[in-house]
């Protein structure tokens, strides 16, 4: 007979689950409320979502560092906490962007917000575990919600985007699962901490090289897909183009933070074990990604698509930090995202406020460069802020992204990879071109049409979000110090 | 006495600034008067200083203030009034004063009257700085200053258009001005290098400190310094091969030619050699080179003067030739004789130029002596002046030129450089010939000008009076040779003829005199009765060669100016645009093109995307496998 | 005797079949099926390895994979239906309005 | 006022922000007033500067990102002091003489921001702060060229931005590497330049770092062959843009060499003397010839800038006080003179809307005042003694002569080739008959224009005749730097070449 399973509540340590639970419960709550009263305005749900995220944030902040829980599958280490915080803050920035002055299809469904919260929970699961099952489940939860959110935008492009993302995502999921299987075959466990121990004893066994190779490559493909690294990035521009601007901006940050957290755990393990080729692979991916994406961004005609390539390039940049496998490198990843988050969301929000129901400038694109021609005359403040975002993305000091860039470049130098730092520098220079192109259009060209409506969607909440992003972008120099010390402390505390 | 030094120095500056105040206004007669008076004051001060130095035999040194101080280099604005500089000061201010007064008449109708005086006085100031400075850097200030003033004054009539070289060998005043400036700059680089050598080897640029250090320096350093400084001198004194600018400089108003391009500025090179005599006397090879070059230029310039038809150019060539004499003397170590000839030459050459100015004035700026003739009837005084000056130039006793030039030729003999001596003697004959060819063609013979419709007239009386000091000096300056020698050899090394030479002195003098008189007689025979053109002679290659200045200007144009312009153009259009800039743009275009190529992988087709993923996976596997194989 | 390696080879072959299906198929529905094949290949591997180690985690993973595969199909089919309504076809070659 | 540097840096920025509020019509007056206040403040800085102290003064140090070693660290010494004063002066004169009529307010605001970045670069003593201002200065310039420029303005602006941005990113990597080494040696993160000075680096590190910094600075200078952005930028920029660009922005590059490369990498600098001198000589001669081939007056001045920067560069690598002091002085001189020349070209452009020399001729007769001032600046540009241009050029050549006579002679041809193109400009534009009908009615300088030139002319003459007030503080700091470099150098070769002056500045005062 089976023994009755006795699990004490303390040993479960449910606190470690509290943040995700808050999000999941919140999502369910929204669904229930919708059942009770289906006529509530989107602003209600937006605010409710914000509150739920706030609780989530509180729960995350309340976590004790390096605690395990729930049958030891939860791991709330520094990486987990920092990435959860970033995910939640980014979500909180994203949510109010629903409050546009014009109506959009997706926000009329309360399910949108529920799915959104499920997605957040999914990402949180993903980062807060070193158990590959949970990572996989979190990944899929978040991804499936995300596909749906994209499709909800209700444009033919959105469906196309959703399908592309979905299909490739499914393939990546296959790779991930297979990779996990190989790792499992190799070590007999799917908990990374234990796997590392087992691997350490077997790593010198030449017969197993193929297996190590297989597991790392399969997992790498899956992660590279999530991180949109070349040549697994192909979905990204199309999906960004098809998705609504805020969601595109969001996608450039949150899923990648989550994927990086997982990557740190997985590939950090390999590199720590002395599997040098993983480092080589990462470096190669990073360099190729940042370069090719940059070059492709050069030739784009649409700002949103350009920003899509630019965020691919940024991901490549950050990927390089992963290869370093130093505390600074890992801290650099989160620092970079923390700084990049505001600027990037701000930039996409600027696109969002200029979104029209019908395309006025170009048959295909919503945000061709021409649309922003002469913006300085139409909307001076908007042009200046957008220019700030662009300069920040280009890495012009003292704006936020610059600090992330030099931190990672410094980390690369410290790790002895000066050439990498130079490649990063040169790529930043190339990238400056396409950011400048937008500035040139905004400041140095005359408006093409008499455009009453560049700021079509503008509303107070959007202004607030953009204003906040702008302040965070400009004033980065004042909060970089605490940010660095916090992130660095958290990362080093979790042993990376 | 210090005050006098400053008065002598700054009166011209004040004069220049005063005139500059009215520089853009229509003619103001008082500007000419005031500047002339200020120059006169400067002359008086110089003369008093000369007397003071003569009587007390001591130099006056003043330091105005620091100029440049960096590292170990310290250059003050320091001035010294000693035997050499005071001679120069007196000569310069005297000629300047005369020229200023003269210009009142000459520039009477020019609308830029005030501006002219401003430039002219500025020149005098620069020249004073040049001669009075107690260090090489100060000398260089003056050196460049006179260069700029010369540029301004040659190009004074800047509004004249460029014409072809056939029409006017100088092309245009502005062209000539630029040519003069740039050629001088080439030499100035040599001068600068000389300064650098001096500075790094002696640690100073002060004359006294530098000269005190000289014995401690190696021969090669001394040679290098002497050569570099002499290159500087070659430019300012228009020695071959940097001589072409001087004749072109005749585009400037004639008073300018008299002051700058005959009496003062062009002698700056000679002055430099005299000033730096301790250096040059320690470098016999360089000194000998100077002498040889000087002799060559004396002959070379005289040869070109033989056939020239341009009134002012003939005088310019003669200036060049006389500068050659001075360098010959200085190169042979007879510094005081060089200085003496410099002073004497200043007087009679200025006089000659001013006379030429009178002629030009009378002939509506016509310069072709073939179109003149018989002017003596209307321009008696000018004829007298120019005749006197030419006699002095030709070296006929008892005029100034005889004493100074004869001494130089004697020096050449004394040094045993008989070839130089012979050339100089022949040149003396040529000098006499071309001087009087010019005088006779201008003033004697048939009145050819009538054919061209000129109505010549004598210039203002006060102008003629103003010229008289020069005329007097041209006549009598030679008599002071002995006292001059005693005066300047306080500072300069003495130079005595050997016993042997001394014995032959009368014979040597006679030979020179014979050549000179022969030249005059020849000129008289050919030209005094009127112009008979010898077509056959004019068609010969050597006549053409001389008339075209040995084709040197053309040579410079073909082999320097034009290639320079061409290479510049190639550098710009081919190298800078097509290579350097195109490389930069090429990199950008390459990146852009790569982007354009790379975006083609983004077909939009999901199936391709999925294939890319698979390809990526395979590639990753390959990379991992390869690096695993390599790293192990 | 059928050992672990046989299972793994079957799994690898299935995975490859799935992968090739994903790469070659032009119909979106077929493509989805191909991904399902891949996931099931993983399940075989997990089950076999789990048995080999005598450890249940692999089987747990397999169950999760099955669950996820199911939800993937649910979401995927949902999207496909909307797409089909818009486009009237499930051929992915028609699905290339965004490119470059 | 100990924090005068902060005030100097941020006053223009604050004024720029507030400037958005100022009414359009009053914007110009506002700009002039602010620039004047800033200029007076910088004069005060000069007055209260202790000229006998060769070290850093008015130092402000506030840790900004201690974990990363970045601090807000400002200070001036003799080398940077006058660059600051020149910056404020040229900004003031630039705004005062500005002839732009469109969007004056935007221009004023942009210029004020630009002024902040320029002053910031010269007073920053923390590498990151320096870099920050360095990069930020690109943005206003981009806008100035791009918004008010000629037909190719966008191309020119982007080329300028990207080219310099590219170089400085490589330099940034160099900075990060220095910080890394500093951390390895001391265990502390620091980006303070004064801390870095204490680092004694092995030769190969020095060489690599020198190369990294070189790229950043050389593009800015701009050195051959990285100079091609400059003619475009100048050709397209409005007058005010060219003035600031030539007067101040280029100096940032050469200043970088004095501030970073020389004291930090003395051995590498000594080893690099010959390559740099060769490049500089190419700059001097080649660009002078290119300038001679130009048809556009402004392009001549633009290329002449490159040529003159060659002189500055070569002086910097003379490794003796004469050369380096001369080089720093020449920075000021070139700033004033080329700024003035660009303003002069702007004057004629405002009247005729062309800069082609073939369109002019005989202007001296029509615009005598203009011709006079142009002539003075021309003479200063070709280095006539008693103008500001001579002092620096002379010292540079004196200094480098000790290193290599032959190369000095080659570089010295600058006085010849410089005269060639400048005189040719003057001849083509000002001399000769007036051929074009439209030129006959041109107005001479207006009082406004005249008054913006008079201070520059005064400075040109004053510092030409009596450079001591400026030269002496520069010289003191340079001597201190040389002594320090000599002490720090690790190779015997470097110790031999770096010449420490043994006589102090006061030892040989006027007797």
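Think of it as A, B, C and D in the order they're written, each chain with its own count starting at 1.
As a convention for this text, contacts are C-beta pairs under 8 Å (C-beta built on N, C-alpha and C of every residue); 3 or more make two chains touch, one makes a residue touch a chain.
Values in this document were obtained by computation on a predicted structure and should not be read as measured data.
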Report task. Could you pull out the chain whose C-alpha mean position is farthest off from that of chain A? Result -> B
**Report entry** Innermost chain, taking as reference the mean of every protein Cα atom displayed
**Finding:** D
Report task. Return the chain pair with more inter-chain C-beta contacts, choosing between A-C and A-B. Result -> A-C
Query raised in the report: Just how far, in Å, is the C-alpha centre of chain C from the one of chain A?
Result: 25
Report summary line: Distance between the CA centroids of chain A and chain B (whole Å) is 78
**Report entry** Computed distance of Cα centres, chain D from chain C, in Å
**Finding:** 65
Query raised in the report: In angstrom, rounded to a whole number, how far apart do the mean CA points of chain B and chain C lie?
Result: 96
Query raised in the report: When you check chain C against every other chain, which residues touch at least two of them?
Result: 19, 22, 92, 95, 97-100
Report summary line: Where chain D touches two or more other chains simultaneously, the residues are 162
Report summary line: By the touch definition above, chain B meets two or more other chains at residues 599, 602, 604, 606, 610
Report task. Report the complete set of touching chain pairs. Result -> A-B, A-C, A-D, B-C, B-D
Report task. Under the touch definition given earlier, write down the residues of chain C that touch chain A in their complex. Result -> 8, 11, 15, 18-19, 22, 28, 31-32, 35, 38-39, 41-42, 45-46, 49-50, 52-53, 55, 57-58, 60-61, 64-65, 68, 71-72, 75-76, 78-80, 82-83, 86-87, 92, 95, 97-100
Report summary line: Listed in rising order, chain D residues that touch chain B in their complex are 159, 162-163, 224-225, 227-229, 286, 289-290, 292-294, 320-323, 325-326, 329, 362, 364-365, 368-369, 372, 379, 382, 384-386, 390-391, 394-395, 397-399, 401-402, 405, 408-409, 412-413, 415-416, 419-420, 423-424, 427, 430-434, 465-468, 471-472, 474-475, 478-479, 499, 501-503, 505, 508-511
**Report entry** Partner chain D, residues of chain A touching it in the complex
**Finding:** 391, 394-398, 402-403, 406-407, 409-410, 413-414, 418, 421-422, 424-426, 428-429, 432-433, 436-437, 439-440, 443-444, 477, 480-481, 484-485, 488
Query raised in the report: For chain B, which residues are in contact with chain C within the complex?
Result: 599, 602-607, 610-611, 614
**Report entry** Sites on chain A touched by chain C in the complex
**Finding:** 132-133, 136-137, 140, 144, 147-148, 151, 156-157, 159-164, 166-167, 170-171, 173-174, 177-178, 180-182, 184-185, 188-190, 237-238, 241-242, 299-300, 305, 364
